[in-house]
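In the two complexes below, subunit A is the common chain; its partner is subunit B in one and subunit C in the other.
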Partner chain A sequence: MPKKIRRKLSDAVSGSKNFFLGIPRATRNLYKEIPHQVKSFKEWIFTFRGSLTILCIIGTILIPLITMDDYITTILISFLIFSIFAASWDLLAGFTGQTSFGHSVFFGVGAYVAAAFVKMAGLPWFFSMIIGAVVAVLVGLIVGIPCLRLKGPYLALGTMAFSLILFNLFMSGELKDILGSTEGISGLPAMSEDLIITFLYILIIMIISFVILIIIIKSNIGTIFKAIRDDESAADASGINTTKYKLIAFMISGFFAGIAGSLFSLNSRAVNPSVFLALYSFYAIVMVALGGLATISGSVLGAFVYWVILNELFKPLGMWGTVFLFFPTLISAIILVIMIRFAEQGILKPALEHLREFYDFLLGR
Partner chain B sequence: MIFQIENVLIFGTVQGSVLALLALGFSLVYGVGGVLNLGHGAFYLITCYVFYITSRVLFINLIISIILSLIIAISVGGVIYLALIKPLQGSHIGVVIVTFAFAVFMQEFVKVIAGIKPHYISPFIFGSIEFLGVTFPIQFIFVIIGSLILVSLIGLFISKTKIGKSIRAVSQDREAALLMGINADRILMITIMISALLAGMAAILYAPTSAITVDMGWGFLLSAFAVTVFGGMGSTSGCVLGAFIMGYAKTFCSVFISPTLATVFPLLVIVVMLLVRPQGLLGKKEV
Partner chain C sequence: MGVILEVKNLTKKFGGLTAVNDFSFEIQRGEFIGLIGPNGAGKTTVFNLISGFEKPNAGSIRFDGMDITGLKPFQIVNLGLVRTFQLVRSFHYMSVLDNVSVACLSPRGKKAAEKVGIDQYASRILSEVGLIDKARFPPVILPHGDLRRLEIGKAAGTNPQILLLDEPFSGLSYEEQEHIHALIRRLSNEGVTIFITGHVLRELMNLVPRVIAMHQGKVITDGPPQEVANHKLVLEAYLGRGGVFA
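Take a look at the complex of A and B:
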């Protein structure tokens, strides 16, 4: 091959342009960073955060294994699913600054597509989950393109409009044959015979999602997201194609929200249009605000507080009247207001600081 | 065919009147404070349920229960401003999240008080009327006339009274209005109260024609937002014009094409308007 052509080719591949085969540079650098991250994994386990994370994971695995109680396992499963959902919202709102109030769109689309593929095509749950997430990515593109023109509060209302519209579409009687109307899709096969196995599947998917999300946040692309959040025009001026990266944020966030949604429908073995309600977007916002905005791991804590502590606190009262079943949402709305008003950083950071003091005390430092 | 067109005209006018009431308040609040109030649908919801409880459960006199529910809506608007919007005015997103939380709170609160089942409010006068061969409930006449009176009163209020002039001043230039000695915070509070009053009046006039459910606030919020985007953010006349065009277009869709398209219509309007003419029909171009 003549030298000139070779040089041209190499220029085309690694030239000054920001894109390679349609993949942005920063995404490509992501792969380079993974070995480095794996190498430091051993050291990371023995740090404060690492040991805490491992302890939490072991605790989450052990609780259902020891108690062998289906009820506790079910609660933990919904906690895991919604922590993925909350983290996906955090990536979009906390890190990129694109506050979406229509996150239930991705959740619901993932749920419906996965359920449809399992029910109609008879695919195994894992593939339907991936298909659901990929369709949610496409929906992220469709929602993202018109909404990119909007900023701040308009974006919030614009995305919320999408979720309301999808809810109406899926509820409508005219499209009953295609979308299933109020009945939705039901009678899906269980993910696995044993509930504990299902729990472990979901736990593994959740851990993988969080590792990927944290790698994304720590890589170049995460820095670009933060730059867009902090000052969009400055990011634009320093040569970042903000439109493209905002779309990428929408797509990544849609992917994980789609995974959460498909796990939700596969686990509950049925899905109905209520997954598109603004309430589900509200869940994500509450969980992230509880854990702390722009902390991916905070959404786990938020999901835990909401699904395990708040929900279970009022379950026993449900015996006296169904009224008490609405209390968790009612109270979390108040909590959300208080968090936004007085403690914008959430409870994760202060809690970690206190734990850290205790940890140092234990090690005798 | 002619019968259907008459249908579109009458039902479209009713829809347009309700939308005008809802969107007018929403747009005023946006114009004055730059606040997108996601709790706007909740004002409608609260008034509906207070009206339902006072008139159908406690059997209070109709006029008194109307006044009571309006007072509650207005005071909720005032409290929302003082407790939620005022402390967070610096961050737009904080206001949006907090008002969203307020809307969810109200929805759940209503669920606790009245249950999830749909309820019915009896119209002021029972019976129906025939006009141009179309039969419709007498309540529709109340909706059209009430909306007409209220919208013109608000128009007069904004153009003639001192508070109305301050509202216009703050929405045109907040800093200059502050320098002229106008208390912008108080004006925003009054505007939010007016918007709560308008949403409440829409609820009292329109709710008796159909069932009331706990999640209806969101649909009305979306319509109000769509009309505001269509007519132009913060433009009063654009808002009223947009409301009627939207009302006719929605009923036209549901009569001639399909009712499902009519529910999707607001979104189409929002998307198309934002792509083609972001400042809205009669809005000023934002810098």
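Take a look at the complex of A and C:
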């Protein structure tokens, strides 16, 4: 073997050795950091944001436990699922500047794949959810690649086209052998016998998702995402491979939207082509607009206000007639206009500021 | 020593307009060199072509012995050639520190920042350009002079071998210009090759030992600033514009 090739080969091998040896090393480093992480977590709990977060989580757990009301629990479950979905949109649009109007694609794919694996393959819900999310990542790539060169309204329309294609594909019944026809897939087993347990499962998944998303946006990758959002060519001029990072953003966002979609079908125990409707994309956009763009945690507040407060408030109107079948879209549109006109920042920041004053007042500061 | 940048017969057409016309020059490693020309001479286009932001219609660009014609901007940056923009471009909604960190997160910047860590390295650059007090500010509230310095800081974050500065003095007061002068001189003393444009020679006169003058996409002359200033074609190019020194 010529010397040059041999050297190249050995380089390649040692490269991969380094890669595999790197994994335990990285894990060990992570492990070493745990005491530090625990310490900073303890400190964080006593900060304003930390205590507020913990309070909210405890409150969310207590409500269904105290009321024991299935209706309330169901609403809270939807709220949790849609907050993950909204946050996944915020990562892509708010942090990376890739405004997608076709986010229902990832949601719907996650929903269908998870349902199919539970129903046809009889897999436990957790694995089906992971598979749903992984397939949504692949779809993230499929949507991301052709949309790479598109910006602004063109990107929005390009991504929306994908949701239209999938909606029509599933409606056409071409896929009925595997994924059901217009009625979709139904009769899935419940995630748990007890609704409260289902609720707790989903709450845990939601918390883990948010922790991961927040770690991502606070890490170096988050800095790069924001740079791409603010000025893509300037990021390019700073030596950043923007194509690669935009695809990463599509994939991460697809993953969490897929998780949300999977949980949606697993929890409702059925799925039909309507999950691909633009309506679902707009849900995410409205919730993020409500909570505040590029905040991640704003998505929780946005989802809560939209899903729990507004939806319940306006529910009685739905009985008045067919006009109000369009009610979700109507509220979405009205909220969006109001938010854009009067509160571009969303309500999270102002709400936090007011709460903070109150908190300082309570502590006598 | 040796040639670091070699541009040969570079040509760029925009429709019927030939913005850069059969443009050739060489830059030695460690050199400090200027590029002047009246408005619309094609200076920015030359930079755009070298840094990969535009594709040339003809010609080639060799950097550090490699043919970089047709490479993407970020690839060229990671080889060690970085440019700044005539109209400053910062990341508006990020802190000044993060603006520089982005450059330090490019593969090349990362390698340089490895020992001290990204944040430390970026802070060090901010001290160098004199913006460390404003590290937490968003760039939108900075005055124009600070933005110019940030622009240089961002470029420095990628640990360049050669720095292309597009009119770093435009729109600055005399004192602000002095700041940037000092900053660029320091970079040059550290061994960074510097290629800098200006549209009047006065800005570059005391700074660079060599100037290329261009007009309508072509090199008119190339030499020490004194000679260039007195060159017949240069004087003609600037005629009716208030002279070379205006």
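As a working rule, the second predicted complex is superposed on the first by the 307 of 365 C-alpha atoms of A that agree within 3 Å, B and C clash if a C-alpha of one lies under 4 Å from a C-alpha of the other, contacts with A are read in each partner's own complex, and residues count from 1 in each chain.
Going forward, contacts are C-beta pairs under 8 Å (C-beta built on N, C-alpha and C of every residue); 3 or more make two chains touch, one makes a residue touch a chain.
Everything numeric in this text was worked out from a predicted model, so none of it was measured.
Contact with subunit C, but none with subunit B, is seen for A:T223 once the two complexes are overlaid on the shared chain.
Applying the stated contact rule after C-alpha superposition, one finds that A:S238 touches subunit C and leaves subunit B untouched. Applying the stated contact rule after C-alpha superposition, one finds that A:L330 touches subunit B and leaves subunit C untouched.
Looking at the shared chain after the overlay, A:L157 reaches subunit B, while subunit C stays out of its contact range. Looking at the superposed arrangement, the partner reaching more residues of subunit A, out of subunit B and subunit C, is B. Once the two complexes are laid over each other on the shared chain, residue contacts for A:N168 go to subunit B alone; subunit C is not touched. Of the two partner chains, neither subunit B nor subunit C is touched by A:T53.
Once the two complexes are laid over each other on the shared chain, residue contacts for A:S181 go to neither subunit B nor subunit C. Common to the subunit B-facing and subunit C-facing surfaces of subunit A is no residue whatsoever. Considering their complex, residues 220, 223-224, 226-227, 229-231, 233-242, 294 of subunit A touch subunit C. For subunit C in complex with subunit A, the residues that touch the partner chain are 51, 53, 72-74, 77-78, 82-83, 85, 89-94, 98-99, 101-103, 105-109, 118, 154, 157-158. Listing the residues of subunit B that touch subunit A in their complex gives 36, 38, 84, 87-88, 92-98, 100-105, 108-109, 111-112, 215, 218-219, 222, 225-226, 258-260, 263-264, 266-267, 270-271, 274-275, 278. Contact residues on subunit A toward subunit B in their complex (touch as defined above): 99, 101, 146, 149-150, 152-154, 156-158, 160-162, 164-165, 168-169, 172, 174-175, 277-279, 282, 285-286, 289, 323, 326-327, 329-330, 333-334, 336-337, 340-341, 344.
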